[in-house]
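Just below sit the structures, each encoded as structure tokens.
Common to both upcoming complexes is subunit A, partnered first by subunit B, then by subunit C.
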Partner chain A sequence: MSLYEQAVALAPVDRLVWASQWRQQAISALQSVSLPSARDEDWKYTTLRSLERAQLVTAPRQASNDAVSLPASFAGRTLVFVDGHYDTSLSDSSAIDDLDVTALSAIESDPQFDNWLGKLPEGNAESLATLNTAMMTDGVLVRVGATVADPIAVVFLSNGSTERALPSSFVRNIIQAESGAGVSIVEFHASATAGKSLSHSWTQLNVEKGATVELSRMYAHGEAAQLVTRLDAELAASSTLRLHNLDVGGKLTRHDINVELKGEGANLLIGGAYVADGRSHIDQHHRVDHRVPNCTSNDVFRGVVAGKGRAVFNAKAIVHPGADGTEAHQNNANLMLSRDSEVDTKPELQIHADDVKCSHGATIGQLDETAMFYLRTRAIAEADARALLTEGFCTEALQTITDESTRVWFTQALATKLRGQST
Partner chain B sequence: MSTTDAEVRKLVGRTYEHGFVSDIESDVAPPGLNEDVIAFISAKKNEPSWLLEMRLEAYRHWLTMPQPDWAKLDIAPIDFQAISYYSSPKSQKDRPKSLDEVDPKLLETYEKLGIPLHERAALAGVAVDMVFDSVSVGTTFREELKKAGVIFCSFSEAVAEYPDLVRQYMCSVVPKGDNFFAALNTAVFSDGSFVLIPKGVRCPMELSTYFRINEANTGQFERTLIVAEEGSHVSYLEGCTAPMRDENQLHAAVVELVALEKAQIKYSTVQNWYPGDENGQGGIYNFVTKRGDCRGDDSKISWTQVETGSAITWKYPSCVLRGDRSSGEFYSVALTHNYQQADTGTKMIHLGKDTKSNIVSKGISAGRGQNSYRGLVKVGRDAENARNFAQCDSLLIGPDCGAHTFPYIESKNPTARIEHEATTSKIGEDQLFYCQQRGIGEEDAVSMIVDGFCRDVFRELPMEFAVEAKKLLEVSLEGAVG
Partner chain C sequence: MSNALLKVKNLHARADGKDILKGLDIEVQPGEVHAIMGPNGSGKSTFGNVIAGRESFEVTEGQIEYLGKDLLELSTEERACEGIFLAFQYPVEIPGVNNTYFLKTALNSIRRYRGEPELDSMEFLKLVKRKLSVLHLKDDLLKRAVNEGFSGGEKKRNEIFQMAVLEPKLAILDETDSGLDIDSLKAVADGVNRLRSEDRAIVVVTHYQRLLEYIVPDRVHVLADGKIVRSGGKELALQLEEQGYGWVQSA
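Our next item is the complex of A and B:
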């Protein structure tokens, strides 16, 4: 079945009725696109062949409290979505000043939505984003007007299936930080039950003048889950976005992160780590557009590949004409721990202005044997020494999370994953 | 910086010094490309039937291929039927026996370039295989090389005299259907150079071919094949300039290098073809496929290039590191100004164990020039302990130019170590200030900084090329402070 036929059969037209014109527009746009193939440069290393044959179905929308496994130390408020639907019984919906956190399904209409939902990227490379608009069931709207101390967690759970058909869910999140506001948000994506599933999430973020947003995202799905995400952010003058990604699960993961630096003095940090073991395939695609002068961007990722895992990394920084005073840096380092693993990395700079400082670096290598030896001479078992060094290597990219409870949560999740992987 | 903008424009906009056309009658094929034209070229050169067959197969394959569009280049459509695919100086029929007998007009052409060939050849101890348009007209030092057992001749001669060798190695590194422009070259190649260094021989002198495109509307399709047998060593120099004209000229060359066990090949290029005028009119299209195959264990291939000419450069000298412990090197300086575009880089394919590769690329963009580094480092599953280091730096001069970096890194072996780093910045104002404060003029300061920026590459060049390369950059960049 083509994407169009799947969307016609499954699109939840009774949901988010206020967005139906966008949904209809997306459905008809699907007529002329298909899934991206290796011919599309941005999909050179990641195939969606398994999706081509898949028969999508809606997922059961049920999950137990145990599935929401947030650490006790995490201080924030929590919203839970199961298979793309808001679950009131699992969520904490108490009100906080200056902060509006709502499920999209609870909203009647909002004039600002045109800005968000009307954005339909074109072409095969973006066909899953179009599918998202056609199929979205729910998502979170975060609107923040001042600095909020405690972080917010939004949990997305997916149920898996062992049947032929592929349970799928599509969510859309909108985050708006108003002038001078500050907020820390966690997106936690995981499987509620084992088995195969397809989750697509699209987050749109607007950081207004002088605002600061910290968005930390963890993906800890089961080993048969497929996940595709997209993030579009726009940064106004003197605003800051700190975005962190941690990938510790899933069979196929693809992240597209697109950030536009539109106001002078905007700051962007993209940091993260991924562990691709078993048969997992993790693909990071970042694009940062420096459109105005004096912005900075930093993209720092650490990766570990083991088993038959494969990691793909592509970060593009594009400095547009006139964007003088730009600083853009990218760094991707990978540890390759097994014979059947593979790493394909491509940091990319496209620079059309001269007063810039840009750099990138990429490495693929192994653990330092002398460091291993040092630890072994201190009576640390080989597996522990390996885990310790690997952990140290990856954690660097998560240290820039400023919210402490989030940082602790993420670094622990990473450590747990690495220990499980290397023993 | 506005005060210096005018200077930048003045200096960057200087006209091409080597722009002139010498009028020598040529034997030219009518424009157009079809199987008859290919048969005509082949017949003109008295080629054996297997070579004609190879040309036709390449042509038929080429017909099925689309022109590649993945490079970050803006290429005006090329009308392949408007190009004449064969041209040779008329005096070729009674070939000169020595340089004294060479058409004085030809020699005059080289004089205009400031390179008195015989003098230069004698003084520098360089054997020069002149390629004037498409057919070799003079080869020097042939006898001396012969004593060492080195074969250095035009491709046509090689086809006539050593058909088995040519047949064995031709298209073994760059297959006839490898890519669009390589397939076109294989179908219509005119001439080029053939070098064979026998087992254990260290070539007694540096080999050099001077290319020059001369006939208007004639695409030039060179083919170079260098085979270094076991334990041999050769250094090959290639340099080019071209006369000024308005229409774009297509140049699609193929260079194949084969290094057998313990052999070493060093291939150096200084390319200064006509880059087009300051409005981006005219200029050479330089679409070249260069690839070296480190076929034997412990072999080594080193590419060094200084690219300052051509309107568009599309060129990726590559190394296939097949033999164990083989190594590949790539050193490049690419300069673009006015509307010049360059998409260049290298591919290092690690297949053997303990293979090493090193990449140093320096891009300089001025005016509205666009300069891209595009590279691939690929480590195969069996390439134990492969090691790669790549350094790609870009220097920007002026607000309208562009510098881009596209490094592809693919590894399938857990013992491989790969490092890539790249930086992009403009000429440091603090560096300029420091120099000027010490009484060094702005132009000299820029020249010094650029020279320093390119030093890692220049020192890989043979002496006389290094001097020429340095001069070329100075001419293009004096005072170009953005």
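Our next item is the complex of A and C:
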């Protein structure tokens, strides 16, 4: 079935009825696009070919409390979505009552979201974003006008299946930080039950003048899960976005992160870590557009590949004409723990302005033999020594998470993954 | 019958395809401090690495008996659990790994091996704070990553600090004096002297006699071309200082 046929069969037309116009527009747009292929430059290393023959179905929308495995130390409110639907029983009741934070499905009158939901990127490379608008069932809306003290966690759980049909879910999140506001949000994506699944999530983010958003995203799905995400952010003058990504699960993961620096003095940090082991494939595609002068962007990723794991890192910063005084840096460092693993890394800079400070670098290395020996002379067993070194290597890219309970959560999840990691 | 802690017989070892140790013999009793002195390239560092079990050094001949056991049968970490400690000439920087966490993992590995209960964070912190004050080290050392951004002196003092926490039976100090100014040298020597005890042996590997003014050895050995060519009391170190290594090598 084509994407169009799938959407016609499955689109939840009774959901988010105020968005029907955009849903219909997306469905009809799917008539003229297909899944991205290796011919699309941005999809050179990652194939979604298995989706071509898959029959998408909706998933059961049920999960037990145990599946929401947030650490007790996490200090924030929690909203839980199961298979793309808001789950009141698993969420903090206080979270939904708050005007700042709500599920899209709880919105009744038309919220005038044309700017968000009407945005349809064109072409095969973006066809899953179009599919998202056609198929979206729910998501979170965070709209803050002041500084919010505690972090907010949004949990997305997916049920897996061993049947032929592929359970799928499509969520859309909108985050708007108004002038001078500050908020820290966690997106936690995981499997509720084992088996194959397809989860697509699209987060749109608007950081207005002087606002600060910290968005930390963790993906910890089971080993048969497929995951495609997209993030679009716009940063106004003197605003700050700190975005972190941690990938510790899944069979196939693809992240597209697009950030537009539109106001002078905006600051962007994209940091993160990934562990691609077993047969997992993790693809990071970042694009940062410096449109105006005196903005900074830093993209710092650490990765570990082991087993038959494969990691792709392609980060592009474009400094447009007139964006003088830009500072843009990209760094991707990888540890390769096995012969059968693979890393394809390509940090890119396109500079069309003067007086800029830009750098990019990528490394792929192995564990240091002397460091391994040093740890073992301190009675630390070989496997633990390896875990400690890889953990130390990756964890640096998560230290820039400023919310402490989030940082502790993420670094511990990374440590747990690396200690149980299959080589 | 000797009750030697360490008994090395006719030890031959190679690394990178080159024979380095060519029949080394040494015996160390509990409570003793030995110094192994020798010119560059004589095999001093190889000795420490082989005792600690570095896999890139291959033992081609000879025996090492430690506490009556065949040391060559044990992995690096088992040797550490059995009480062997190597203070590195160049302590390794490990970014992202917190010093406290690292040391707690190390100590608890040893305690687990010995069937002792592991220490929790509070108990461990109490222990390390006591050891820090004895070595005149600052608390902030605990919060930093292992050796990262440490000065040469801090790295060497951190090695001795680790030794104080892990309480080995046999400590080998590999050129612990190299790159130290006189104040750091004294601090390191003072730390080592506080760790001298009846059931702990220390082997100081050094090029210069200087450190031995502060850590006074019971026995001094001269290593040349992979063999001990002369052994004696502490006065041997002074004699070497005056007459140079040429004197023993030609002997």
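As a convention for this text, the second predicted complex is superposed on the first by the 411 of 423 C-alpha atoms of A that agree within 3 Å, B and C clash if a C-alpha of one lies under 4 Å from a C-alpha of the other, contacts with A are read in each partner's own complex, and residues count from 1 in each chain.
By our rule, a residue touches a chain if its C-beta (ideal position, glycine included) is under 8 Å from a C-beta of that chain, and two chains touch if they have at least 3 such contacts.
Just so it is clear, the model here is predicted, and its values are computed rather than measured.
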| item | value |
| --- | --- |
| Superposition on subunit A - do subunit B and subunit C clash or fit | fit |
| Subunit A-centred angle between subunit C and subunit B, computed on Cα centres after superposition, in steps of 10 ° | 80 |
| First (subunit B), second (subunit C), both or neither touched by A:E404 | neither |
| If touched residues of subunit A are counted for subunit B and for subunit C, the larger one | B |
| First, second, both or neither for A:E5, with subunit B first and subunit C second | neither |
| Partner chain in contact with A:G392 - subunit B first, subunit C second, else both or neither | second |
| Partner chain in contact with A:A379 - subunit B first, subunit C second, else both or neither | second |
| First, second, both or neither for A:E163, with subunit B first and subunit C second | neither |
| First, second, both or neither for A:T345, with subunit B first and subunit C second | first |
| Touched partner set for A:D92, first subunit B, second subunit C, both or neither | neither |
| Contacts of A:A371 with subunit B and subunit C, given as first, second, both or neither | second |
| Subunit C versus subunit B - closest C-alpha approach in the superposed model, Å | 16 |
| Subunit B residues within the subunit A interface of the complex | 70, 72, 379, 381, 394, 396-426, 482 |
| Contacting residues of subunit C [partner subunit A, same complex] | 52-56, 75-77, 79-81, 84-86, 88, 91-92, 94-97, 102-103, 105-107, 109-110, 113, 145, 162, 166 |
| Sites on subunit A touched by subunit C in the complex | 368-371, 373-382, 384-385, 388-389, 391-396 |
| Complex interface listing, subunit A residues touching subunit B | 41, 321-322, 324, 336-339, 341-366 |
